[in-house]
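Two complexes follow with chain A in common, the first pairing it with chain B and the second with chain C.
For the complex of A and B:
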């Protein structure tokens, strides 16, 4: 296990290993996401208060959770880069930012779309919404900060520090609904009982969607990290060989 | 076994009057997925192209 983990720290081994995992991950994602979305959209009973509108929750909840998970992941890899100088850790952290930003944007957008008929407003400066908006700004700020540096190493260090500072926002988002009296509802309890507000027939498809989205996130993250590896390792022999092979395949060598 | 919850496909698309909100949410979500998968594929193509040009320059 440790050996496997260390291998992922080498850009070249990360590239060849993900080559092997990507097809499996793709199948896993397509099946889970396809099943979960169809189930949630058409095969779960409507909510007794929100009617069919609650089906938005099947994407809003996993998007909001993943937006925070992605941030935690970016901060962890940033710490890994600062402490052990693992270059791949920085490349993964860099890949997290644009994906996290787009996921946070979708979490906010789907929340607004759900809010128009339910709350009667698309936006309110409530603690949950505001702290999530701050997370979006953090993601965008980290992307901008990196592009402001010419040196890869200085940019990586600055972004790692900003990512770590932004971690204080995560517990604020998570507990905002408990600490303040927010319009945003608190976390729902999962119950095995059929008479609960969220019976299994409602939350089981949500798990399919959730893991499907996690699969998609890993695919997007791996694809971006691999591109970053190709760019940073462009002068190495193995990348030249890979490009040469690609030339042979496309027949213009 | 879960059952189809709508009387007809038309009712499914109408989403009980919430079609606007439900379908735009799923639309935004689909766009986000598409962007995050297509962007890196195009970027990789560009990287390979640039490197190919560099290799050819060096070998000639």
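For the complex of A and C:
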């Protein structure tokens, strides 16, 4: 186990390992997403209150969950980079930021689209919406900070520090905004955790889509990390060999 | 002076604060500019939003808090910039004295220079914005507990960006999201008081955030400064 962990820390081994597992992951994702989406969007019965509108939850809920999970992941890899100086950890953390920002944006956008028919407004300053928006700001700040540095190493360490500071702040933001909301307006019951009202034919496809989207996230993350590895290791022998090999293969075909 | 390892912790902190204050009063812009920014920015709101006192009293605490927060953010430049340029930041990092306390002393002196004048003027401007008298005390108490937290968080952002040539707007993008909890609790205290609700719980939470910031942020500032100075 430890050996495996250490091997992933080497960019070259990360590259070759993901080479092996990426096709499997892709097939799993396609199957899960395909079944889940077809089932959830076409075959599950409509909700008695929201009609067909609720189906957007099949995208919205996994995205919103993943938006937070991605931040936690980015922060853990940042810590890994700061503590053990694992280069791949920083590359993964770097890949997390734009993906996390897009996921957060999708979660906000799908939430707004859902809000128009059900709440009658696409934006309210509700605690959940606001704290998600702030998380988007945190992602944007980390992307901006990284792009401001010329040196890869300084940028990586600065972003790692900022990600960890954001982790301390994220729960505080969450609770402060909850507080602020309850002071200003009555709590509107937007909780989606109320699974009792949802029969299995509603949540089983959600389960499929959820894992499918997780798989999609991992694929995007791995592909971005692989690109980053190729860019940073472009002077090393194995990358030149790889490129030469690919050129030859495409020349043969 | 800071480089003498035999100096006691107390005298090191006093020496650092004295140096910072002396430097600040030799370049009075560092003291006056945040204050002037605060005064001018607060004045813009009645001009832009209408001088109707009912409208103003609704936004007064928000305006005071947001302008204070922006003034602190803009003032952060003077915390590390000059020290970075003349090399005294490197001396600070190499000092045998505990960096944790040196940084706390620096931020404390920055608070004295940049925030205390704003705090003194805040009640007058709150009154000018027609904030009801019941809201003045929670506003000041909130500012007293919140502005040091803002300085500490701002110092993290400034330490991360001090090595970059143009960091003004980047700093805003980095630290304004982190400022939100303080803003929310600070304005929440005033609204609670205006609604005749107790606000000591919110004040305690702001105090808790300050304690957390005092404990953790010097570590982040030190890590960030080491990255920037390299």
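Here are some notes:
In this section, the second predicted complex is superposed on the first by the 222 of 253 C-alpha atoms of A that agree within 3 Å, B and C clash if a C-alpha of one lies under 4 Å from a C-alpha of the other, contacts with A are read in each partner's own complex, and residues count from 1 in each chain.
By our rule, a residue touches a chain if its C-beta (ideal position, glycine included) is under 8 Å from a C-beta of that chain, and two chains touch if they have at least 3 such contacts.
Just so we're clear, the structure is a prediction, and the values are computed from it rather than from any experiment.
Once the two complexes are overlaid on the shared chain, A:45 sits against chain B while remaining clear of chain C. Once the two complexes are laid over each other on the shared chain, residue contacts for A:168 go to chain C alone; chain B is not touched. When the two complexes are overlaid on their common chain A, residue A:245 makes contact with neither chain B nor chain C. Contact with chain C, but none with chain B, is seen for A:154 once the two complexes are overlaid on the shared chain.
Here chain B and chain C are compared by how many residues of chain A each touches, and B touches more.
Using the contact criterion defined above for the overlaid structures, shared-chain residue A:121 touches neither chain B nor chain C, since it reaches no partner. Of the two partner chains, chain B is the only one touched by A:113; chain C is not. In the superposition on chain A, A:137 makes contact with chain C only, not with chain B. In the superposition on chain A, A:16 contacts neither chain B nor chain C. Here chain B touches chain A in the complex through residues 2-6, 12, 15-18, 21-22, 24-26, 28-29, 32-33, 35-37, 40-41, 43-44, 47-48, 51-52, 54-55, going by the rule given at the top. Taken in their complex, chain A has these residues touching chain B: 37, 39, 41-46, 51-53, 55-56, 59-60, 63, 98-99, 102-103, 105-106, 109-110, 113-114, 116-117, 201, 216, 219-220, 223-224, 226-227, 230-231, 234, 239-240, 243-244, 246-247. Within the complex formed with chain C, the residues of chain A that make contact are 82, 134, 137-138, 140-141, 144-145, 148-149, 154, 157-158, 161-162, 164-166, 168-169, 172-173, 175-177, 179-180, 183-184. Partner chain A is touched in their complex by these residues of chain C: 153, 156, 160-161, 163-164, 167, 170, 173-174, 176-178, 180-181, 184-185, 187-188, 191-192, 202, 209, 212, 216-217, 220, 223-224, 227-228, 230.
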